[in-house]
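Labels A, B and C are assigned to the chains in the order they are written; within every chain, residues are numbered from 1.
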Amino acid sequence: MHNLIFTALILIFLLAIYHYGRRFSLLTVNHNRQDLHSLPGYYGLYLVFWFIGPAVAALIIWLLLEPPIIMGLLSESLTLSFQAAPDDVMREVRLLASNAFALKSATPEKVLLVNRYQELQALGNGIRAVLVLGGGVLGVVYARRFLSPEMRARQSVERFIKVLLILCSVIAIFTTIGIVLSLLFEAIRFFHKVSPAEFLFGLHWSPQTALRADQVGASGAFGAVPVFAGTFLITIIAMCVSIPIGLMSAIYLAEYATPRIRNWVKPSLEILAGVPTVVYGFFAALTVAPFIRGLGEQVGIAVASESALAAGLVMGIMIIPFISSLSDDIINAVPQSLRDGAYAMGSTKSETIRQVVLPAALPGIVGSILLAVSRAIGETMIVVMAAGLAAKLTANPLEAVTTVTVQIVTLLVGDQEFDSAKTLAAFALGLMLFFITLALNVVALIVVRKYREKYD
Amino acid sequence: MTDNMPRSIQSGPDLSAARIARRNRSERWFRQLGILAIGSALLMLAVLMTSITSKGYSAFWQTQIAINVNFASSDVLPTEKVNFRGLARRSIRALFPDVKSRRDKRALYKLFSNGIGYELRDAIQRDPSLLGQSKRIWVKASADTDMLVKGFIERAVKQSDRRLSDKQLTWFDRLEKDGRIAKRFNLTFFTQADSREPEQAGILGALIGSILTLSVTLLLVFPVGVAAAIYLEEFAPKNRWSDVIEVNINNLAAVPSIVFGLLGLAVLLNWVGLPRSTPIAGGVVLALMTLPTIIISSRSALKAVPPSIREAAIGMGASPLQTVSHHVLPLAMPGMMTGAIIGMAQALGETAPLLMIGMVAFIVDVPGGFTDAATVLPVQIFLWADAPERAFVEKTSAAIMVLVAFLIAMNLFAILMRKKFERRW
Amino acid sequence: MKNEMNELCSVEGAEYFEVEDRAPLAEVKLFARDVGVKYGENEALKNVSIDFMEHQVISLIGPSGCGKSTFLRCLNRMNDTIEGCRVTGEIRLDGKDIYSKATDPVEIRARIGMVFQKPNPFPKSIYENICYGPRIHGMANSKADYDDIVEWSLTSAGLWDEVKDRLNEPGTGLSGGQQQRLCIARAIAVHPEVILMDEPCSALDPIATAKIEELIDELRERFTITIVTHSMQQAARISQSTAFFHLGELVEEGKTDDIFTKPGDERTEAYITGRIG
């Protein structure tokens, strides 16, 4: 609520400054606009940006300074027993401060700390507001001296806007860097506890044994091979469903279908792509899995209730529209002249497609399949809801297997101590997942780009 | 040239009827394979949709039972002090004077929702004139009764294998014979947040949570995405640096969503210190996730504006930035908004990254702000899908129907907008 | 203008007339009566009637958009692949109606080959490009047969010496002129009776063009050839008959030297003297 009021205040301030700058510039030339270098509004904007710049700078500096300062002040009130691991205490205090329910069951000592922490934070908020406003006002006072009719206000404003635009476009890069660094950082901490060799080549995965704090020494088994094997098993099943159906649909839509049919079928297939994955997960767990199980019972085959087959089948359905729409584009990009050449030799339509169009489109189709594979590997909800938890090294699609994403979710959902190998293992898995999908995407994008260049 | 022509060529193409027929057969076969593929994809879509709807439509109705409540007692007001639960139970017992033992009574109460005390309180608060009257009031049945009415509990099954005992069934039959059982529209489903009791659970909390989360996402991602697109499309020099940004954006668009959840957990929660389980944290994660989509669609909207417009503005002496903000941006805006709606639809259906940042908690209150603990619609679906009660199956399916309805509405809106503002240059 | 006419006549005059005299007695190979083409509501071609003589090269000339390519594509039913295209009238190959219900377009296209404006080799090896037709038409029984076919076709197309050492390299790696000759070799490998050429030299340089023209004249001995061209000189150099199209109509058709020296229609005259087109 305070934040809202503060934001509103700042906005009003900005409006006032804008008008001030505009009026000021007009006054300096006695309302003869043509004497001004730029339109009057630019002088207003110029001041506004001079407010925003220093204000944001002040805010950032304070945000960087605040945690150490609060921590320093707080550690003075820490009793000796806490001083051993101030970082952990701080983390706990922050958690308790945001969770009134947990606070009720905390020790009085901690409650005191939390209260002190909240006091300090309130103080910090006040200081922050003062700094932001003060910085902004200082900036405006400073910049006012430059206002003159000859001043190139428009250029200055535009330069500032351009910097803003550049900052926005760099956010995507920062996101990638953030992903890589955070995964890497946590994964390295994990590899301090578990050797990379064991993680990459170990055949046994049971992280749950290291649940309690006093068991940290006797940590569970972290051999990720069965987890990856499960992921690939489900992915392969999904691909077995989606490649034939998606590809044949794309071929039919691109080569045979009349525009009317295309106009109906394409959006319908896209609905499949728009269905949230949690819905597929529900469908897999409640409709498909029991169906397959029932089918298995009738022919006398034991099927696990969370079989890889059910999850893979439904994931395949989800992937169909990706393959069909990507391949459709790719097939349409094959030049008509190649088809004409084949028809003119007396090929039938299907001969033309199979022997000329598809070989020509092959690189692009492979690219789209790689993208689909990366999508399947990273898919989470379907497998969380329909695949198993226990890691099993098997190639039998009727058994329950687990996947990378399932493990990440089960390791991180619910209560967690942040330093246990169990939690950190999720980040190691995440890192592997990131790099595998990244590699698939990079290769796929290069292949598809090359392909498009060839026929452009 | 004639002399050494190979015999195989001289004989010319084999156009015998048999061979042509065989080729035409394989042609038909191939074509039918295509139809089969499309048919099976559409069939799967139909199966998915029917399975959800057939499971879910019943959740929009709820069984209610009429009881006679005597509000006559003078101790009914003020409402805080009254034991409405006791009042409700007295009214129930009045219907079945022959039920004596405590066990039987408890079994009898089980036919009704355990929240009916609150219903009576709400009734009297809504209409204080009820005071001093004896009135027939419709109250919620328990989830088990509801399942019985909807036909999910088989009477033929052995008593120990079903959720209602034979005795409860006879009581129920008596209520039904007296015309005290009715199916009414399930308002609770749209006006309440989550609950452990299926008959009291609703999607409002999750819906508000979704709206709050998506507001944060939209507020963050639209300006940033459009600004990034403008820079990359209109100002960025074509050099290695802009190539890096471009490749990076394309790759980011294909990063699995759960990785964004890990980023949110490690950076936003543990490092920046955003509060767990809140719309603000969820919104930021979804914003990072949809950013590449928004940038890509905004760029294509900018690309669709013909260069002649830019040349015209530059020719009038406008600065590049004025050209963009006065001419290019307004023309590209509908396309950008269409892209934004589609991006939001994608974010609305997203579940996995939100699990990572704790939006998976059981929350009975409707969130009131960006920093309240909240959950979102798809996560609510995930939670209910995991619940063991049979009654939650129909709730899950109904919540899916609501979610899909929102998604379809958003996409339709995007399509209509594209149709309305579409311009061929 | 006058000079150009003179030059044109001198090019055609000297050597090519003898060629026609050597030709065997001509018979009607392909016969078109009242052919019209509509794209939806658009009438692209009306009332075209031409007889195509065996072992002759016939040129279809006219300004762009006059319907000459459309007419050419009618002759092997390539227009079937275009949405909303309707062909009326009658076209017969050796007396067989190619548009009758009983006729398979695949059979027609096997007997009437086609070479396109832009060379369009399949993205396969040179060898496979040639083998494609014989393979789908079941013409060869062994690897040796295919080898023979490839060698003969490429030799006939004058390409053998240039590519015999790199038969397994992709056809798309050849130069434009070589690609076009590869496409001709690909077309003759199935031994068609008629070859249709749709401006086969328009994407080529003069040297490559000269080679193709030479090749066309050689191929005449075995095939009936119809060529669409917008170069009047080319028509004069290589064809025995010429048909002039204008605005979707066949204006006149006759011996090439007659058309170029004493055109019967003033539109023809206007076109060949460069006043329209």
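Here, contacts are C-beta pairs under 8 Å (C-beta built on N, C-alpha and C of every residue); 3 or more make two chains touch, one makes a residue touch a chain.
Here the structure is a predicted model, which means the values were calculated and not measured.
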item	value
Of all other chains, the one whose Cα centre sits farthest from chain A	C
Central chain (distance from its CA mean to the mean of all protein CA atoms)	A
Distance between chain centroids, defined by C-alpha means - chain A, chain B (Å)	20
Distance between the centres, which are taken as Cα means, of chain C and chain B, whole angstrom	62
Residues of chain A whose C-beta touches two or more other chains	346, 348, 351
Touching two or more other chains - residues of chain B	13, 23-24
Junction residues of chain C - those touching two or more other chains	106-107, 110-111, 133, 136-137, 190
Contact footprint of chain B on chain A as seen in their complex	67, 94, 98, 154, 158, 161-162, 164-166, 168-173, 175-176, 178-179, 182-183, 185-186, 244-249, 251-253, 256, 265, 268-269, 271-272, 274-283, 285-287, 317, 320-321, 324, 346, 348-351, 353-354, 371, 374-375, 377-381, 384-385, 405, 408-409, 412-413, 418, 426-427, 430, 433-434, 437-438, 441-442, 445
Complex contacts: residues of chain B adjacent to chain C	1-2, 4-6, 8-15, 19-20, 23-24
List of chain C residues in touch with chain A within their complex	76, 78, 81, 83, 106-111, 113-116, 118, 120-124, 132-133, 136-137, 183, 186-187, 190, 196
Chain B residues touching chain A - in the complex, by the definition given at the top	13, 23-24, 26-27, 29-31, 33-38, 40-42, 44-45, 47-48, 51-52, 55, 223-225, 227-228, 230-232, 235-236, 244-245, 247-252, 254-260, 262-263, 265-267, 270-271, 273, 275-276, 288, 291-292, 295, 319, 321, 345, 348-352, 355-356, 360, 378-379, 381-382, 385-386, 393, 396-397, 400, 403-404, 407, 411
Touching residues (chain side chain A, partner chain C) in the complex	258-259, 335, 337-348, 351, 355-356, 359-360
